[in-house]
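Supplied in structure tokens, the structure appears directly below.
Note that the chains are named A, B, C and D in the order they appear, and that numbering of residues resets to 1 at the start of each chain.
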Amino acid sequence: MNLRSIERSTWIYIAIALLLFIVPFIVTGRSMQFILIQIFIFGIFAMSYDLLLGFTGIISFGHVMFFGIGAYSTAISLDRFDSTIPALLLGVVLALVIAAIVSFIVGILTLRLKSHFYAMLTLALAGLFLVAAEKWRSLSGGNDGFTFRLPELIRDSQSQYFLCLVSLIFIFFGLRRLTKSPFGKVLMSIRENEQRTESLGYTVLHYKVIASVVSGVIASFAGVLYIISLRFVNTSVFATDLTIDVLLMTIIGGVGTLIGPIIGAGLVEFAHHWLSGLSDVHWIFERWIILYGTVYILVVIFFPLGIVGTIQAKLFGRTVTKGLKDNKSKVS
Amino acid sequence: MEAIIQTEDLSISFGGHVAVDSVSITIPSKKFTSIIGPNGAGKTTFFNLLSGQLSPTKGSIFYKEEEITKLSTTERTRLGIGRSFQITNVFPNLTVLENVRLAVQSQKKVRYNMIAHFRHFKQFEQKSYEILEKVFLLEKADSKAVNLAHGEKRKLEIAMLLALETELLLLDEPTAGMSLEEVPAIIDVIKQLKQEDDRTIVLIEHKMDMIMDLSDEVLVLFHGELLAKGKPEEIVQNETVQSAYLGGMYDEKQLT
Amino acid sequence: MMKSNLLKLQQVEAYIGQFHILYDITFEVPKGEVTVLLGRNGAGKTTTLRTVMGLNPASKGSITFKEQEISSLKPHMIANRGIGYVPEDQGIFGDLTVGENIRVAMKKEDQVTTKRMEWALELFPDLKKFWNKPGGQLSGGQKQMLAIARAYVNENELLLIDEPSKGLAPIIVEKVMESIQQMKERTTILLVEQNFLMASRIGDQFYIIDDGQTVHDGQMGELKEDKVLMKKYLGIS
Amino acid sequence: MDLVFSLLINGLATGMLIFLLAAGLTLIFGLMDVLNFAHGGLFIWGAYTGVWFYQMSDSFLLAIMVSIITGLLLGLITEKLIVRPVYGNHIQQILITLGFMLVLQELIKVVFGPDQKAVFPPGWLQGSFMVGDIVIIKYRLFIIVLGFLVFFLIFFILKRTRIGLIVRAGVIDKEMIQSLGINIRFVFMLVFMVGAAMAALSGMLHAPYSGVIYAEMGLEFSILAFIVVVIGGMGSFTGSLFAALLVGLAQAFMAYYFPALSLAVNMLLMATVLIFRPQGLFRVKG
């Protein structure tokens, strides 16, 4: 029966999580720890994206705006006030609240549109945030950005590692529970067939808006962690490249699986690291994104389920998402 | 006889073509009513008006004497109007059980619960199993809907409709596109529904034997208008109806 | 006597999405005649025409046109072999004028085609009158006429016409049917029609489709006499 | 007065550039229901190849031809390799074309180097002339004239030629046009190539206008094109001209009078249209 297999997978996840707690004592190199931290952060970001794309079937090209909101709220708060824990907490609260409000307004206004329009609109909105950050230099420091000091407690990379890992674990299990709740099942039914969900008596827009708020808030939190790990912020936290990165991670890892996006984040981050490292050998490696873009295109065409999705389909005969697979209209 | 749904002068036109033309009918509560008519007579459009997929250009609809003309599909479903679709419209990548449970849970207060694991709602699961049993689909509970045969999808469609626990069931050609072997099973399911006294069923069908067998009353639509209504036997005898089906609405003398 | 068959379907099966719609469609359309497909709603008549046209490809069986297999061809190739199609919804390009609707169908602007067009316009003088009016603003009957004229202008040897009487007022139906009758002398027609009276007047032979299968066939004259058969497949009892 | 006029010229020039980019998008969408997120990539490739040739040969007009040819070729490649495998699947289309956009953008940096390049109009288009009191900058006028020429050319093709007739019919009903013996895929490929060529031309003309080119400007500019497509109505060619000029003018005037709002004005325009007339100002499909 299902029940047992689910419990087993939970145990596996817990085991992996425990293993990750030991890692910093074994791997002490700062750069390696930094990569792992980035993976955790982008894993969180990608999972929040998966909630939209994989579970609800919404394609947003503006997810980075929440990430950026989180980053700037925290950075500005730490910069303007002391580099103390209360200032940090204030920043985090601001990050989450602003992200919730923005995602709510954006969602209410645009989520009733068809996927094309929604994707375009979110891309445009994120663009607006980017330009705003560039122009409003007094607040954002513009393209040059600014550095700031962190509270003592999270200054060393070991504590940052644990902070990010714990966040990742909480969010992973939280989202996992959410996707298995009655609410989560409604999201999946929206992904499968929006009209039909409506005719079962659900107000689809409410669900989509709630999903986008939850997703936006989590993305914002990922932004908070990101900025802590860098101790520096500039307008790149609003750049479309980041949306594309997170799209890549989610798609390559496997949409609608939650664990897939984390794996995707791992692959992208490691590859980024190694390929950039190779740029001493040849400058072409500087442009590693081309390789990634190509891999991504091939995955979309040939393995729309991503790594985890494809493995699941092979092992359990499960296919997860409809959105990427059979959505053919009748156009010949 | 108490009416569950009533239409007054209901019309809808699409770019000059009047698909439903001033239809005023009363559908009696707790009875089995069928709607028949040749191709393009406006039957499915009429259903779409009742369930709120379309809004009329003219006229009004009453459900239990309250006007519902302006309500959305969702609101009408909550009031108690459920419908099945001509094209099977289930959630392909969810299991049969999940499909039904989504329908069960939509009527309850947990709609927005995102914390509890869905397994904690045993009563829904129980209810879902009961309904699946009713439509003879119990053994498929854990299969994905996409893997069902067409006839089984139809059953699932009906199961989801039942799960909504609506008083009024609008069934739009439940046997459409089915292989011949699959049809009897659906008829069985519908028969069973008919036996449960607290429901009103409205059926669109082409299979005449089925209509004759099940209906308390038959409505005939033709060119968007209500052409006739009556007991099945009366309809079969009705000359106008016969000629409407054979295309002789305008009889031969007139033409030559 | 062996008639030469223009179109021949053998054990054709077809799906729409996952719906198995056609199970076993087998029939022949003799050159120069009007063949009518009869049957109830949802029996698969429209799908049969769409399958011939390649819009809804056959999954099994063979479709030959002028003795050549066409079942695996794309719609435009099938059309170019000489089959004209008048779909159930007439397929009028609403924003294009009547003239443009006809011109877009004309593959060549040579004499033959122009002659054919002129003949079609004689048949439907309304089209000439509304030449510059957008197709979307025509009445249902005029749209039907436009659709038929459009299918005719090319040198098509076979016209597939799907329920030309659907949704039209009786007088208009009469007009449309008359025109089809005149066209009959120039081309072969495969007609789907529910209006039996009309079908019987212009049809030469018929096939009845029920539940995606061809279940009966014969000459139109015979069917008119056979009340039992009519009721069984076409009536309501 | 002369200020208003010069803002007008400015806005029209910007509008024309956006129009050239948006027109292709809207036709491609109207005909095949494909939303090409890689359109901005064609824009930068047009700009870079054109500018490269311009700086090599010093012939601006030939450079324009080169960018158009680049657009046609890239359009062909994009349609065949990227769009064709995912016909009919919106989600995949959206994802894959955005991915391709990224690749096109990065390839620019590989081929032409990552730094931005300065570009100046050719001598005969530099400077300005006076009409009464009004100063008219030559290059802007050139863009406006060329833009209108392209508009009328395409408009003429759509309205007066057989291929145009087929395209307009195909936008309304794809199935029927196939049933009339027309290979819609082939027609679509042509439309895609023409759309790509217009995007490339837009990029080339934009280069001396803004004075500098860089790889990221494709995505930035295509956001404006998206806004235009939404305002004008997906699939409407005339709508895209109207909306592009509207956006161009709004931007020019706002930038002068309310610089703080100039960012938001396009978004506000789009939001208003989406709320009150979600099908756009000029609707084509029902």
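Keep in mind that, in the parts below, contacts are C-beta pairs under 8 Å (C-beta built on N, C-alpha and C of every residue); 3 or more make two chains touch, one makes a residue touch a chain.
Keep in mind that this is a model prediction, so the values were computed, not measured.
Novice: If each step moves to a chain the current one touches, what is the fewest number of steps from chain B to chain C?
Specialist: The least step count works out to 1.
Novice: In terms of C-beta pairs in contact, which two chains are most connected?
Specialist: A-D
Novice: Indicate the whole-number Å distance between the mean C-alpha point of chain A and the mean C-alpha point of chain B.
Specialist: Distance between chain centres, rounded to whole Å: 43 Å.
Novice: How many angstrom lie between the CA centroids of chain A and chain C, rounded to a whole number?
Specialist: It comes to 55 Å between the two C-alpha centres.
Novice: Which whole number of Å gives the spacing of the CA centres of chain B and chain D?
Specialist: The answer is 49 Å.
Novice: Which chain C residues reach two or more other chains?
Specialist: Expected reply: 55, 74-75.
Novice: If I count partner chains per residue in chain A, which residues reach a count of at least 2?
Specialist: 332, in rising order.
Novice: Show the residues in chain B shared as contacts by 2 or more other chains, in ascending order.
Specialist: Within chain B, no residue touches at least two other chains.
Novice: Quick check on the complex: what are the chain B residues that touch chain A?
Specialist: Contact set of chain B toward chain A: 51, 53, 73-74, 77-78, 83, 85, 89-94, 98, 101-103, 105-107, 110-119, 121, 142, 144, 146, 160, 164.
Novice: Provide the residue numbers of chain D that touch chain A in the complex, in ascending order.
Specialist: 29, 32-33, 35, 37, 82, 85-92, 94-96, 98-100, 102-103, 106-107, 109-110, 114, 174-175, 178, 219-220, 223, 226-227, 229-230, 234, 263-264, 266-267, 270-271, 274-275, 278
Novice: What does chain A use to touch chain D in their complex?
Specialist: Answer in residue numbers: 57, 59, 61, 109-110, 113, 115-117, 119-121, 123-125, 127-128, 131-132, 135, 240-241, 244, 247-248, 251, 284, 286-287, 289-290, 292-294, 296-297, 300-301, 304, 323-324, 327-332.
Novice: Hey, which residues of chain C end up touching chain D in the complex?
Specialist: So the residues of chain C touching chain D come out as 53, 55, 74-76, 79-80, 85, 87, 91, 93-96, 100-101, 103-105, 107, 150, 154.
Novice: Quick one: in the complex, what on chain B touches chain C?
Specialist: Against chain C, chain B makes touches at 15-17, 36, 38-40, 150, 173, 176-177, 179-180, 206, 208, 212, 223, 235-236, 241-242, 245-250, 252, 255.
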